[in-house]
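Naming follows writing order (A, B, C and D), and every chain is counted from residue 1.
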Amino acid sequence: MLDGREYRITVIGAGPAGAAAAISAAAMSMEVDWYDKENRPGGKLNDYHQLFPDRATADQILADFDGRTDAIEIKKHFGTAVNRIETDNRQLILLSDNKIVGSADAVIVATGFDFFDARLKEEFGYGIYDHVITSPDLEKILKTNPEDLRKEGADPVSIAFVHCVGSRDQQAGINYCSRLCCITGIRQAIGIKELFPSCKVVNFYIDIRAFGSGYEELYREAQEKYKIQFIRGRVSEASENQQHRILLKAEDTLMARPLKLTVDWLVLLVGMVPSCTQVQIDNHQCTDQETGFYQPVNVFTGSRIAGLPGIFMAGACGGPMSIPEAIASGRSAAMEAWQYLKDR
Amino acid sequence: MAGKKNFGFERHAGRQIDLDHADNSLATELAEVVSAWSACISCGSCAATCPAGQNVGFNFRRLHYKIKLSLEVETDNYPSLLTSCLLCGKCQLVCPRGIPTRYLSIQIMQKTKHYAEVIPPV
Amino acid sequence: MKKYWKDYQKDIAEDNYFYVRSCIRQNFFPGAENLFIDILRNKLGKVVFEDADHTTCTGIGYHTDIVPLETTMTVVARQFALMKEKGFKNLVVSCVTSFGLYSEILDLWKHQPELKKKIAGYLVEATGRIFDEPGNMVHASDILYKYRHEIAAIAKHKLVDKETGEPLKIVDHIGCHYAKTFPERGVGGSEFPQVLTGLINAWGGSTVDYPERRHCCGFGFRNYLVQANRGYSISQSKIKLESMQPYEPDLIVANCPGCAMFLDRWQYTLEETEGSVYGPNDRKIPVVTHEELAGLVLGYDPWEIGLQTHQVPVEEMLDKIGIEYDPDLKYADRQGNLIGNPEMINQQVC
Amino acid sequence: MNKQDLSGLIMADPRYSEACRSCMNCGVCTAICPASGYYDYDPRVIVNLVRESDEETLTDMLSSDLIWYCGQCMSCKPRCPRGNIPGALIQILRAVSINTGLFVHSALGRQQLAIKRSIGHNILETGYCVHPTRVDPETHPEQGPVWAWMSNNADQVYGRFDKGYDKAGPGLLRKISPEALGDLDRIFEVTGCKKLWNTIETESEKHI
């Protein structure tokens, strides 16, 4: 039995990673303070419709977390954005807008990520053309009112998804792969096909990175069962015609020929970037120079943030991560924090 | 007079694939009889292992992919290339998605009879 | 404003310009550059200097691969040397190909200082001159953009239909080498450049956002210069014209002399060879340059600024705005004597 | 022909490091390329072929029409996610093709002679790439009757806009001074342009 009764731990962030970390720390009897800048837990899960690979609803996962965090002793401080941590001897001092809000023996940072600002990829016209939307926009539409996808009562005739928007792109200043956009695009494409079976759905991809358990199977299902078309080539330009339909130019690289297609909606599968609400830790440079995500002391063996005692990271604040991965990393951070406090 | 002058150069249509105006009747017909066809990931295993491909430049992946895109199959010496398929079925053995490529080839031959003068025995 | 181009605001010098002319603009729009200089000097009160000894930048030769990179660089370094000799620091470039080329050269020198040193050596060896890089370098359309509101304040005409009061529907075409080569050097960047829409909106017109807005006019250098290759060139303009046709534009404005010329001439050729016309009411669409657009709103005489050198007639557009002109002076010389009419085939008569 | 290190020549060009880094074959360049919409041409494939560095492939490519389709609009430049400039790579390939004489083996490559004799000579003889007296309405019917009128009445038409037309001093299509033309001529000599022109002439002649 892991006994953390003497330890005071703070978890910053109430998304899946933060929730898992808080639940695990509390299960080890640690005294847990749990912060989030929003007034409710769940983070981006609140805006998600379905999850891959089994397409469970986000609400199911949220309900599960709520049940477990309510059943266990966790002090919740929602609506408070901890944006700075200072080290004071062996104590970690938590500040929100330069005001001290608490202290802890260890902190787990689980501040998550932001979606790439698609306006920066100007050639797609996001923010200019109303029918160019991002994957999180589509997720909200699917969750709240899929009828919005109809135009004047008619089913959409064609919808395209563009992979790697704000991923693997020097022009956007982002060279890494966000990993999850591929499977998001596949899952959302299936969602569209279920709503509008006669709609032509095309995914423009460079490489399909279906890395997770069940992902490749979902990809195949999208092709075989739902007849979603996958074209290997990145969309180079989107523009709008008088009917407010979106014209796309891409290369079908497997044919080595340029291609054009008109769609009712263009969905940009945006990548994951470091959260703008990252916590500043002393004046320490604790993020990766290249990507901006937090860096662990050792990518294989530790989730402690490099160069700092007692501060651990969980979830997508350390780089693009799926929800199961974020949950696992939250648990693991709690475990490592316990180990650290025991040994110090 | 207008519209007929020659100014010393020719102009031809472009080669951009127009997915808006593609006639996909052949692709639709084929997808109905060979449902697994849509699971193709264009890995090229079929073309790599194809004995006809080694000798006469026949590329099965490109061929069926072209049909899928509803491109004009009668160009590119398509019929003569298709007749070089030996129906040996090696492609089917290597397909990672288990697509019945030999059967697909037969179906293509049958549905495009009008393109080819010589149809190999099925 | 929803758009996201504010990051691309560039630094445009306020005064004391060293102006370099464009081969194509001088040939095909012979009134435009003197008009530009006149607006700057006499309407905006700026100092503009033109050095008689500056030459072509060799840009067309460079992009047709008959002039090597280092030769072009040295010719450009010579222009910089002339500017230094005359005591100017702010370069204003008339030609978009030149502007792109100057940008490319400055960028290469920044990354490869030894290359710049080598060129400086060539320039001394060939001409005895030394040069400095310009302190500020802009395209001529950037200056009009900077002073668009000042021009609007003294404008005689607005870009509106005088009968209906409706804004004219204007297509803007930005030369590829203005911002595609170095987006940060263009007002608004490469995807939604603001340099011409800024002028159009400030002067009362409305811009047309049509799908092929960013497509190249099709000059294509060797693809036009060699007669047999011109099918490429005209096909690109055709793509643009077909795409803008449903919007029924009143006018096309381009900041690149080549683009303006091709969008003008290819309309003629498309009608002659294919019978296609792309403007409203079976008319062709007039094409003007940025200087000419400014000249029109400022009330210059259309024939004194060279609108008769366009193949597509401009009269209907002038009538729509309410700009007066004397039809008898269209094809006249400096003294007002008729030079003789171009043999107007398929003349568009009102 | 002697075996040459084409790959080395290509990579020695100062533009190479900017033009050709690495490629993920996404095709945005081809998607937007006016030439690839018109010709059987694919800039993405060109980048890949160059990166293979196979001398036989490069020899074939530099001897073919393939490198001469690009219209140099550089639309490819702002889009490439790896920061390549296929249009600049084409310039390098063309320079190497001319310098090694391979250009004469393709019909489009052989057009360099005519371009050199027109644009090239215009530059050194007039100081302009193009000049009203050198764009012949006969060979430019697409320019239309207005151009024919301008070209045939150049003194009067151009003189209307600037008294300085074709005269010394600043102004519209001023006559470029002998001193300035002398500068250009020496620059062309010193920087190797004359040598390049000599190659174009002699290799073209050999081919005939």
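In the analysis below, contacts are C-beta pairs under 8 Å (C-beta built on N, C-alpha and C of every residue); 3 or more make two chains touch, one makes a residue touch a chain.
Just so you know, these numbers come straight off a predicted model, no measurement behind them.
When every chain is reduced to the mean of its CA atoms, the largest separation from chain B belongs to C.
A straight line joining the Cα centres of chain C and chain D is 21 Å long.
Here the spacing of chain B and chain C, counted between their Cα centres, is 47 Å.
Each chain gets a centre from the mean of its Cα atoms; for chain A and chain C, those two points are 46 Å apart.
Computed centre separation for the pair chain A/chain B is 41 angstrom, with centres defined by C-alpha atoms. Of all residues in chain A, those that touch two or more other chains are 123, 232, 237, 252, 257-259.
Shown for chain C are the residues in touch with two or more other chains, namely 190-191, 214, 227, 229-231, 234-235, 239, 269. Shared interface positions of chain B, defined as residues touching 2 or more other chains, are 5, 7-8, 12, 14-16. The touch graph of the protein chains shown is complete. Residues 5, 7-8, 12, 14-16 of chain B touch chain D in their complex. Against chain C, in their complex, chain D makes its touches with residues 13-15, 17-18, 34-35, 37-39, 68-69, 71-75, 77-78, 91, 94-95, 98, 108, 111-112, 114-116, 118-120, 123, 127-132, 135, 139, 142-150, 153, 156-163, 168-174, 176-177, 179-181, 183-184, 186-193, 196-197, 200. Listing the residues of chain A that touch chain D in their complex gives 123, 164, 168-172, 206-207, 232-237, 249-253, 256-259. Here chain D touches chain A in the complex through residues 24-33, 36-37, 42, 44-45, 78-83, going by the rule given at the top.
If you check the complex, the residues on chain B that touch chain A are 15-20, 31, 35-36, 38-42, 61-62, 65-66, 69, 71, 97.
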